[in-house]
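Please see the structure below; I have some questions.
Each chain gets a letter, A, B, C and D, in the order it is written, and its residues are counted from 1.
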Amino acid sequence: MADETLRLHLPEPTTRPGMDPDASMIKVPPAGTLPKPPLDEPDDKMWDYALGMVRVLDDDHGAVGDWDPKLDADTLRKGLTYMMRTRAFDDRMLRQQRQGKTSFYMKCTGEEACGVAQAMALRPDDMLFPSYRQQSMLVARDWPLVDLMCQIFNNPKDRLQGKQLPVLYSVKGANFFSISGNLGTQFPQAVGWAMASAYKNDSKIAAAWVGEGTTAEGDFHHALTFAAVYQAPVVLNVTNNQYAISSFSGIAGGEQSTFAARALGYGLPGIRVDGNDFLAVYAVTKWAADRARSNNGPTLIELYTYRAAAHSTSDDPSGYRPKDEFTVWPLGDPIDRLKQHLIKLGEWSEEQHEALHQELEDEVKRDLKEAASHGTLGVRPCSPSTMFDDVFKELPPHLRRQRQEAGV
Amino acid sequence: MSRMNMIQAINSALDNMLERDPNVLIFGEDVGYFGGVFRCTAGLQEKYGVKRCFDTPIAEGGILGMAIGMGANGLRPVAEIQFADYIYPAFDQLVSEAARLRYRSAGEFWAPITVRSPCGGGIYGGQTHSQSPEGIFTHVSGLKTVMPSNPYDAKGLLISCIEDDDPVLFFEPKRIYNGPFDGYHDRALQPWTQHPMGEVPDDYYSIPLGKANIVRPGSDVTVICYGTMVHVCETAVKETGVDGEIIDLRTMLPLDLDCIVASVQKTGRCVIVHEATRTSGFGAELIAEIQEHCFYHLEAPPIRVTGWDTPYPHAFEWEYFPGPKRVGEALTRVMEDA
Amino acid sequence: MSRMNMIQAINSALDNMLERDPNVLIFGEDVGYFGGVFRCTAGLQEKYGVKRCFDTPIAEGGILGMAIGMGANGLRPVAEIQFADYIYPAFDQLVSEAARLRYRSAGEFWAPITVRSPCGGGIYGGQTHSQSPEGIFTHVSGLKTVMPSNPYDAKGLLISCIEDDDPVLFFEPKRIYNGPFDGYHDRALQPWTQHPMGEVPDDYYSIPLGKANIVRPGSDVTVICYGTMVHVCETAVKETGVDGEIIDLRTMLPLDLDCIVASVQKTGRCVIVHEATRTSGFGAELIAEIQEHCFYHLEAPPIRVTGWDTPYPHAFEWEYFPGPKRVGEALTRVMEDA
Amino acid sequence: MADETLRLHLPEPTTRPGMDPDASMIKVPPAGTLPKPPLDEPDDKMWDYALGMVRVLDDDHGAVGDWDPKLDADTLRKGLTYMMRTRAFDDRMLRQQRQGKTSFYMKCTGEEACGVAQAMALRPDDMLFPSYRQQSMLVARDWPLVDLMCQIFNNPKDRLQGKQLPVLYSVKGANFFSISGNLGTQFPQAVGWAMASAYKNDSKIAAAWVGEGTTAEGDFHHALTFAAVYQAPVVLNVTNNQYAISSFSGIAGGEQSTFAARALGYGLPGIRVDGNDFLAVYAVTKWAADRARSNNGPTLIELYTYRAAAHSTSDDPSGYRPKDEFTVWPLGDPIDRLKQHLIKLGEWSEEQHEALHQELEDEVKRDLKEAASHGTLGVRPCSPSTMFDDVFKELPPHLRRQRQEAGV
């Protein structure tokens, strides 16, 4: 070794604000190339899935290959509707934040196929351990938007009594676990939930989500380790939307490998899927769910997608990425792709699409009106004395004294 | 009724609960086949099967993350953390998750988990097998914190912890696993078989959380303590002849303030003893509450006798340990004051 | 000399230290190109290069583990934890490692790391962006804990933290990043430009750790506080007309006990204010020390005004926050007592 | 899916006390089969190394294949001597514990090749972040045993002033980092140390060790993530000695994959090596060190070995594994294997071996006598007042007050 000088590597994205957006480093394999393996395929036969990408929708909007879930047109239209409802909801709520009606909001724009297709591929009583960008799953489980809006407004119809930050929902009725403000913590919990299900010889499985940035947390590793050791019936998902607030995926280790590949070292299958391809997401999720439900063990899915909007209403992406980066994103828009596919099938038209769009806008507007009628930011959801409830199941003496001191 | 040491009493509590409730599950590092490094789970896997009592990977955060998920799915997990010093890798799961789940979901979800962990020093364990972190957890809203001082209490309290619908930390002072340590490491340890609290029913019973126990009534000074220190305080009271009223807290949170206040208002003096480091330890909280509720009854400043604000030094553990001599000096001093 | 808010003052401290000492490195989630979610590191990567100021993976335990290793290899890392609520995943690295390395190696190794983290509520952050965990760390031997209340102190203290050879936690009360919040969220925030402590030298200077600051001398009652609460206490003193001597601790550990004792012995009364939950919070420790050292001077029981023992509720943060009204009531009450 | 009943999988070893020991599930590839890759081999070409096993010493005690480090006989004899000295030290110290002269001891029997060969393959100024079973590295760095014994006895010559548990050494003079009682914590620290080295354009690298049981800790994941992201010049090692106290390696995830394979998901090379083969351990470690030193990034090494002794003096393995399990262990004894190799080379003999054994026994006995002359368990290493030192660099007022109160 001639040169013995060590050098520190710092990952850097190829583009920054003011530069032309660039997606040339993203390799997108053609649709339909990877076969669909049996549910008990040994994990060392599945490396191509972790490093490649399962895609069903081709560039001409056809569905190709082994993974095509062959969903009927009604189901596809339902999926499209859920995605469009999610987007209408997001757009409307962002505006509410801008108008000072809520302190905070987070959109999932560009990631709608992930949530909707996954929710539809899972069973309604499977337990979801979502991140904060999974509102589309609640939409796909037909949970009333009004209820979500009331949580966002922390108004008297907020079931969480104003205790939680907007969008950190808890919807037991939809088997949607309480969202934590702490990243990653729910991943091992989902494994434990799934283990309890197996312990009880139940048939419900669990599914959990983290962003690609969050995969760096120890909780991610705990979840994969425990899931592998106890072969828990759980589907673990990484939404790789390329960003963790301002950090590009290279800061999370994306330069060296895919996030699906993390599974390999645990002896688990990892599958990377085109997250903007409704059919592919549905098929891969269904495969993983079937695998879990048939005691073949856990799966890690990487949903390869793009966070088209800001991280949250507290964020402005123009500070760290080219403004028009989304336009060069090679996997397109998930709603548009499913729409085109339906049109190609002869099951949808531009007119129907426009009509549906309008209908959903109206519906969301109606919902919003109803929700806002119960109050928006600043209204009291309930008596401040509830602030002392639910710390424990029963109010202990010291909290009783403090409540008294608070005079509430 | 059997004669049991603390280990057997804890084992008996787990045995009873495994038997009564199919939702009770026991796990942790080495707790399965082997029965735990302190033997608290010995025989349970054999009796109830590997699904009810099993080993986990070495990842305390993973253990409690899993436990929370199980708890949210209707089970009552009892997790062992091998030493209290190793709770810290699981700190986030405890503080941000177990403690907050019920609150943030406004009661939709909760995790009725029990975390058992041996704590305290005096076994030549050095700085990473001797810590007493209980005070930290009392600062975290949403957690209950318990520490028994004898086999009878250990069993009854542990059963209450397992049945409790809130997350509970159950600290086991390992120095008294085998006998009520009087604070003199150079004397023979009295076994629990010779102590009235070593008399433990084989069957199910429980002791409510949040109730302190007056171990010894007295009129001169209130001595507040828990765990190993209960026995050290008894020694010190005996040795000094000061008529101390010894209160064994048993539960730090929720705290039995009524018991404390009644006693201090009666005695006007107070010595607080714990093994944990002093600064911001639970003794500080006790003093804060006492001065709030007993200010006009106090005849002398309450005194803290605690571990020093250093790690537990291996070779000097008996200089670190708040033994009968230090407690005795405090008792004498608090009687001289004012 | 410039007019700076807290963010700018912190940025200036980092800038000075990056310039003076090539061993100073700055990192954390989003601190590099972007400059931090609160902008405290804005411009530093551009000025000093990506090797001096860079982004990290989202793994607080990894961030501090890495920092400790760097510190042991001669660097002076300054790590940002995005919110104090997210320190817990790094708890073990802080408590078992950073705090213990010097001790367990008897001085062979140490890690001179600084951990910066925004804390406190009042910005509609809900329960996971509002916590004040400083008290917990004061229970851990081997860590220093600092919280400034204004730009001038922030810069001077942060520089001392970075130069300190022990691990230091530097908590930044985010509610006062932009101005000295008087406790009334419904009134306009006064900017730091209008406050004398917003006058900050551009050049290097330092304020020693362990020295409290008497913000306002007074003779009726000692008011002990830090961070945001300094300004709330000033409001309360103004509003009640009680002649409070306001002590801004600046450093919780090491504590400036002399300053506290001198003041309480003078006033005989004391109100302690912090935003953190009450039970086992740092206020308890202060009361314990005060009653030990000032017992015979106390004319009334010291009063704690604190956050309630609940998570920080999003919709009720102003009911949770210990505002001027609650502090004022305590001032009035402590004057009436005895 | 006909049967939808979920079942919980609990890993169980094939044998327990009272049963015949069994090693039939362990697959040992023949020596010399894997080629030695270039230092910049892409990680996805290195999967065979993670799932296979690098071995140099064959069944006839010859050195075969590409990985043979071709060490000269003096070096080999030196390695043998270090291993034997380590074992003599261990045996002697165990007896000290049995005699009540120390509160605690931990042997590394069976794992001597790992520590010695690795220490010899690294440079003396490379920084080691060891676990508690790495005493052989101190031996191989020629650190005086007397010093270690005095630490174990906590006597007045204990440089750590009785502050630490026996065997949790800190030896800055040998670039051997202070051992933590907390498992795994040193892994990310080693990465940070290595990054600092790279930042300073130094040439020193770092190396760190955890047991296979400890790989489950979040710290392990943090270390691999940060090492991958910043391409830190570090060699990360997992000593897979099959046990974590009483738990067999399946509890750590060993049923599903190897521990070297963990590296794959991070895009790092992982290499499994026969940990009882001195030559293979040396070669693999040297390769990884060269890789790190030439800015080719970190490597994860799994040292496949067997913990022949109890976990520690507080442990009795007969409670959880067949007593004679070691006899069926397919990779043999590392000392015996190197001895036989040297004999085969004509560079060693049974007589020389016996003489060396005796010499080392005598030497360790002499060292012990010297160390014990300064006192054993119960002696005061120094004034108790030192208990308050080194909490901070300088004694703060509250500790000064406490020291006064302690009257020491």
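In this text, a residue touches a chain if its C-beta (ideal position, glycine included) is under 8 Å from a C-beta of that chain, and two chains touch if they have at least 3 such contacts.
These figures come from a predicted structure and were not determined experimentally.
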{"item": "Comparison of A-C and A-B (more C-beta pairs in contact)", "value": "A-B"}
{"item": "Far-end chain from subunit C, centres as C-alpha averages", "value": "D"}
{"item": "Recurring contact interface, reference B-D, options C-D, A-B or A-C [over half identical by residue number]", "value": "A-C"}
{"item": "Rounded Å distance, subunit C centre to subunit D centre (Cα mean)", "value": "42"}
{"item": "Inter-centroid spacing, subunit C versus subunit A (mean Cα positions, whole Å)", "value": "36"}
{"item": "Sites on subunit C at which at least two other chains make contact", "value": "51, 56-57, 59, 61-62, 85, 88-89, 92, 96, 100, 103-104, 127-128, 141-142, 253, 279, 308-311"}
{"item": "Contacts with two or more other chains, residues of subunit D listed in rising order", "value": "8, 10, 161, 163-164, 168, 180-182, 195, 197, 199-200, 216-219, 221-222, 225, 229, 251-253, 391, 398"}
{"item": "Parts of subunit B lying in touch with subunit A, wherever the complex brings them together", "value": "25, 51, 56-57, 59, 61-62, 65-75, 77, 89, 92-93, 96-97, 100-110, 141-142, 144, 164-166, 210, 253-255, 257-258"}
{"item": "Footprint of subunit A on subunit C - complex, ascending", "value": "29-30, 32-34, 37, 50-51, 54-62, 85-86, 88-89, 124-129, 278-279, 308-311, 313-316, 319-320"}
{"item": "Parts of subunit A lying in touch with subunit B, wherever the complex brings them together", "value": "127, 129, 159-161, 163-164, 168, 170-172, 177-178, 180-182, 185, 187-197, 199-200, 206, 218-219, 221-223, 225-226, 229, 389-393, 396-398"}
{"item": "Parts of subunit B lying in touch with subunit C, wherever the complex brings them together", "value": "61, 85, 88-89, 91-92, 95-96, 100, 103-104, 127-128, 135-136, 138-142, 253, 276-277, 279-285, 287-288, 291-292, 295-296, 298, 300-304, 309-311, 338"}
{"item": "Interfacial residue positions of subunit D with respect to subunit B in the complex", "value": "8, 10, 12, 16, 103-104, 154, 158, 161-166, 168, 180-184, 213-214, 216-219, 244-247, 251-253, 314-315, 319-320, 380-381, 384, 387-388, 391, 398-399, 402, 406, 408"}
